[in-house]
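Each in C-alpha cells, the structures are laid out below.
In the two complexes below, subunit A is the common chain; its partner is subunit B in one and subunit C in the other.
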Partner chain A sequence: MNLLLQVVFAGLSVGAVYALVAVGFGVVANGTGAVNFAQGEYVMVGGVVAGVVHEVWHPPLPVSVLCAVAAGVVAGLVTELAVSRFSGARSAEIITIATIGLAVALKAAVLLLTDRKTYGLPHFLGERPLRVGGAVADTQTLWNLAVVFVVAVGLSLFFRRTRQGTILRAAADDPEVVTSLGVPFHSVARWVFVIAAVLGALGGAGLAPLSVMSYESGTLLGLKGFAAAMLGGLGNLYGAVIGGLVIGLVEAAVAGYGSAAYGDAVAFVILLIILFTRPTGLFSQRKVVRV
Partner chain B sequence: MTRRLRWRLTTPIALTITAALAAGCSAGADAGADAGAEDSAAIKIGTLYSVTGPAANVGDKMRKGTELAVEQINQRGGIDGRKIEWKFYDPAGDTSTAVTQTRKLLTDDKVDAIVGGGSSSGIALAMGQLTASAKKLFVATEGARAIVQPETEHPLTFKATFNDTVVMQKIIEFWKAKGVTNVALLPDTSGFGQSALEVAEKELPAAGLKLAVASFDPGTGDFTPLLTKLGAGKPQAYLAWTTDSSGVTFLKNARTVVTDGAALIQHSFGFVDDRYMKQAGDAGVGTVLSSPKLPVADLLPDSDPQKKTIGEFAAAYEAKYHEQPNVYAGQAYDALMLAAEAIGKAKSTDGPLAAKALETLGEHVGVTGVFRYSAQDHSGLGTDGVEMIKWDGERFVLAG
Partner chain C sequence: MTDSALSVRDLRVAHGRLEVVHGVSFEARGGQVTCLLGTNGAGKTTTIRGLLGLQTPRSGTVTVGGTDVSRHAPHRLARLGVAHVPEGRRVFANLSVRDNLRMGTLTRTRRWREEPGLDHVLHTFPELTPKLKDAAGVLSGGQQQMLAIGRALMSRPTLLILDEPSMGLSPKLVSRIYQALAGLRDDGHTILLVEQNARLALELADHAYVLETGHIAESGPAGELIASARVQEIYLGSQEES
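Entry: the complex of A and B
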C-alpha cells in the first residue's frame, strides 16, 4: 500500500466536503457580510433527508439527492425568514448571531424528528473502489470533487456575469445603497441563504455514502468549513475550495504520519494561525467581519 | 432609533435562547415522569439519564430500561410491599447540570438510592462523590472502571456494566483460539476508547500478542490513512473501540484498504447496533463484535443461565415500547433490579446496609450477565457474560 497516495485520496475525500461548506460561508458573506453558523447544519439536513427518503421509500438515488436539494431550499428560506423577516436584522453582526440560534434550532428539530437515528446512502457511482498506484480511491470522492468544481465555477460565473449576481455582490459592499435603489434586503438574503443551503445539502448527500449522517453531524463540519473559508479568504470562492482541500489534506497527513487523535485539532490550529497572521485569508483582500 | 435597534438586537437573541430551550425542553417534560402520588411508605429512587444531548441515543434506551423495571416491580407489589416512587432528570450530557440535579435528588426529593449515572462515565464519576457523602446506594449504568475502582474508596457505589478489562480478556481468549498473534487497535479519543487502550497496552503483551495502535477522533471522516499505516505491520485483526457512528466509516474503509482477506475486522461492545451494521452494507458482513448476550439470546443453548431472563425482558420491552431493546436498556433494567433486590434483602434503605446486601447477594441473573458482587468487585460481571458475535448481513449470530 502506498501511504502517501492514500493520504492524498483521503484528504481530497474529506476536503471536498469542507470545500462545499466553505463556499457556502463565502456566498452568505458576499451577500450579507455575515458569517452563517447554520452552514454545517445544512450539510446535516441534506444528508439526513436524503438518508430518510432512501430508507423509507427506496426511490432511485437521484430522487433522494433531489429531495436533499429541496430540503436545502427550504432550510435556506427558513433561514432568511428567521434572520431577516422576523427579526428585521440587517447588520452583519446581528445576522451572524441569529444564525447561531437557527443552527441550534435546526439540530434540535432534526433530533426530535429522526429520534436520534443515523442514516446512510449507497455510493452514487458504485461501491467498488478504484485502485490507483497501490492506494484506494472511493468513487464517491470523485463525485464530491466534481460537484465542488462545478459549483465553484458556476457560482463564480453567476456572481460576475449575471445581473442578480452583481446585485448580490453590491449588496455585500453597501447594503444601504442597494436598498435605496429598490432591491429589498430580504430578496438578497433569500438568494444567498438558499444558495448556501443547497450547497450544504448537496455536500451532505455526497457525504452520506462515505459516513453516516445524524442530527449531530453538522456542527463540527460547519466549524471546519469555517476554518477552510477563513483560510481561503472569506468570500473568495476559489479560495474556499482550496482552503477546504488543504485542511482535508493536512488532516489526512496528520492521521497517516502522526496520530489521528489530533485530527480535529488541525482545522482549528490552522484557523488560529490564519486569524493571527493573515485574517483576510491567503487569497483575499476583503475586509473581515468581526464576530 | 435606539428602541428600534434594541428590538433588532433582542429578537435574534430571543431566537437563540428559545432554540436552546427547545433543545433542552424534553428535560423538563421528562422530569414529570415520577410515578404516582406521594406515599410516605414508598421507596424513592432517583435516576439521571441524558435523553437529550450527545449521548441521547444511549440515554433514551437506558431511561426505557429503568422505567420498565420500576413498572414491573410496582406491578408485583413493590419491594416488601412498598412501591417505588421514581424521580427522573435529564442532565443532557452536562456534568454541572447533573451535579445540581443529583443534589436536588438527595436533598429536595430525599431519594433512598440513585440508579443510573447520566449516561456518561464522566457524569457518573461526579455523581458518585455526592452519593458517597450522602451515604446513599448508587448503581451506575456507565462503563468506566474508575466509577467503582478502587472498591475500598467507593463502598456504596456499584455498576451494572462490564469492565473493559473483562471484555478485553474475552477478546484475547477468542484471538488465541483463532491463532491470532498480531493485532491492530483503533480506539477513539473518548474516555471509552482510551481506557481500552490502557488495558490493551497492559494485557496484550502479557498474553504474547503483538499490538499496533492508532487512536482517532469521533467523527473521523476517512480511516484509509490509518488503516494503510497499520496495514504495514500485517495485523491479523483490526479492532475498533468506539461508540461513535464513525465506526461505520471504519468498516467501509477497512473492506477496501485491508488487502488481507483473512484479517478479522472487529468492533468492541460499544458498537453492537444492527442499524450501524446495516449502514455499513456489504462492508459490515462478517464483522466480529464482543457483546453481552442480548442480541443473540435466541441462539444461546437452553442451558444458558441468562436465556430465560433475557427472553422475558425482551418480550416485556417490545410490548411496552414497540422496539427492540439494546444492551443499554438491558443494563439500565439490571441496575434498578439490583438496587431493588439489595434494598429488599437489607430490609432497609440505609446506604451501607443496602451496599452490604448487594455484596452478599450471591448470584443475580440479569439481562447483561450474571452479577456476582463482592466487597472487592463492584462490577460483578465476568467473561461468562460476554459473547463473541458476528454480523451475517441480516442479524447477529454467534461467532464461535
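Entry: the complex of A and C
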C-alpha cells in the first residue's frame, strides 16, 4: 500500500474540517475583532446533533446533515444573543471572553443531554472506499473537500457581490462607521456568528463518519482550527482553507511516519511558531493604514 | 423662521473620567449651514460623537427634527436622516469606491444594485467617476474626503454633519471641497460644519458657534463673528498648523 497517498488522503479529510473551523474564526474576527472560543463547540454540536438524529430516527442522511446545519444556525443566534445583546459587549476583548463562557455552557448542555454518549454517522457517499494508486481513499475525504470548496467559493461571492457581504467587509474595515450608516452592531454580530456556526456544524457532520463525536470533541478541534486560521492569516478566507489543509496533512504525516501519539501536538507546535515569529500577527489584519 | 433641525442642550461628554465637553448647547436650523469653530483639542469632535451616540454622553438632550434622540444608538440617528462625515474621512479602505458609496444607501433601500442618488453624487464629485472600481484605500486624501462626503450624501440626509473636511488637505483641495459644500448649501441641505479653518467656514456658514475648552464661548451670525478676536485667534492657530 502506498503510505504517502494514504497520509495525503487522511490529512485532507480532517484538514477540510479544520479549514471550515478556521474560516469561521476569520469571519468572526473580521466582523467583531474577537476570537470566538465557541468555534470548536459548533463542530461538536453539528456532529452530535447529526449523530443523534441519525440514531433515533434513521432518516435519509441529508436530513441528518440538514439538522446539523439548523443546529448551527441556532448556535450562532444564541452566540449573538449571549455576547452582544445580554452582555451589551462592544469591545473585542469582552466578546472574546463572553465566547469562552458560551463554549463552556454549550459543552455542559450537551453533556447533560447526551450523558457522555458518543455518536457517529455512516459515510455520506457510501462505505466502500475508493482505491487510488495503491492507497485507500475514504469517500468522506471527497465529500469534505467538496464542502470546503463550495464554502470557499460561495463565501467569497457572498462577501464580494451581495449587500450583506459588503456590510460585513465594511465592518471589518471600520465597524463604528457601519453603525453610523444605519446598521446596528448586533446585526453584524448575528450574521458572522451564524455563518461561523453553520460552517462549524457542517464540519462536525462531515467529521462524524471519520471519528465519533461527543460533548468533549469540540475543544481540540477549535484549537486546531485556530492554529489553521493563524497559519493562513486570521481573517483571510483562502488562507484559512490552506492553513486547515496544511495542518491536517502535517498531522497525518506525523501520525503516519512517526507516531500517532504526536499527531495532536502538530497544531500546537505550528501555533506556537506563528505566535513567536509573528507575535503582532494576531489582529494585524484588522488595522488598515489609511493614505 | 426656519425650524430647528438639530438642537443640543447641556451636552456633557467625557473620555473615561475626564470630562472634555462641559454642557454645550447649540442648534442647527433647517436649510442653513451652522458652524462649530474651535482650535485643536477644543472638544469639537467629542461634541459631535456625543450627540451622535458614538460616545455615550454624561448628560444632555439632543433632538433631531423635534424627536428626542438623547441616548439613541448611532444607527437610529442614521435612520432619522442624520449623516456623518467623520474626522479623518474613514472611508472603507478595502471596499471599492462604488461599494463605499453604496454603503451610504443602507437606510434608503434594501436593494444593492439600485444605487439611488449615485448620479447626483458623481455630478457633485466627478473626480470619483473614473475611480469607481478602485479600492478606496488607494485614493488620495482629497478623493477620500470627496468619497466620505459622497457616501454621506447617498443617504439623502436631512442633516449633514461634517467634522473638519479640510483636515490635512492642500489649499487647492480645500477650496475644491468648500466649493462642493457651497453647492450643497445652495441645494438647501442642512449642514453642521465643524472646523478649525475659521475663515473658510464662516464664508460658507449662516450661523456659528465658537467652542473653547469644552464651552461655547461665543455665537452669532457668521458675518458678525468674522471680526471676533476669538475667531481671529483660531484662524491664526490653524494657519500655524498647516
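Operating definition for what follows: the second predicted complex is superposed on the first by the 277 of 291 C-alpha atoms of A that agree within 3 Å, B and C clash if a C-alpha of one lies under 4 Å from a C-alpha of the other, contacts with A are read in each partner's own complex, and residues count from 1 in each chain.
One rule holds for everything that comes next: contacts are C-beta pairs under 8 Å (C-beta built on N, C-alpha and C of every residue); 3 or more make two chains touch, one makes a residue touch a chain.
Note that this is a predicted model, so its numbers are computed, not measured.
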item: Touched partner set for A:174, first subunit B, second subunit C, both or neither; value: second
item: Partner chain(s) touched by A:56 [first = subunit B, second = subunit C, both, neither]; value: neither
item: Partner chain(s) touched by A:183 [first = subunit B, second = subunit C, both, neither]; value: second
item: Greater subunit A contact set [subunit C / subunit B]; value: B
item: First, second, both or neither for A:129, with subunit B first and subunit C second; value: first
item: Contacts of A:166 with subunit B and subunit C, given as first, second, both or neither; value: second
item: Footprint overlap on subunit A, where subunit B in one structure and subunit C in the other make contact; value: none
item: Contact set on subunit A toward subunit B in their complex; value: 1-3, 6-7, 9-10, 13-14, 17, 82-83, 86-91, 94-95, 97-98, 100-102, 104-105, 107-108, 111-112, 115-120, 122, 127, 129, 135-136, 138, 207, 210-212, 214, 216-217, 220, 252-253, 255-257, 259-264
item: Subunit C residues touching subunit A - in the complex, by the definition given at the top; value: 52, 54, 73-75, 77-79, 84, 86, 88-95, 99, 102-104, 106-107, 110-112, 137-141, 144, 151, 155
item: For the subunit A and subunit C complex, residues of the former touching the latter; value: 162-163, 166-167, 169-170, 172-174, 176-184, 288-291
item: Subunit A-facing residues of subunit B, complex; value: 7-9, 11-13, 15-20, 22-23, 26, 52, 54, 56-57, 60, 189, 214-217, 219-222, 224-226, 228-229, 231-232, 245-246, 248-249, 252, 256-257, 259, 275-276, 279, 281-282
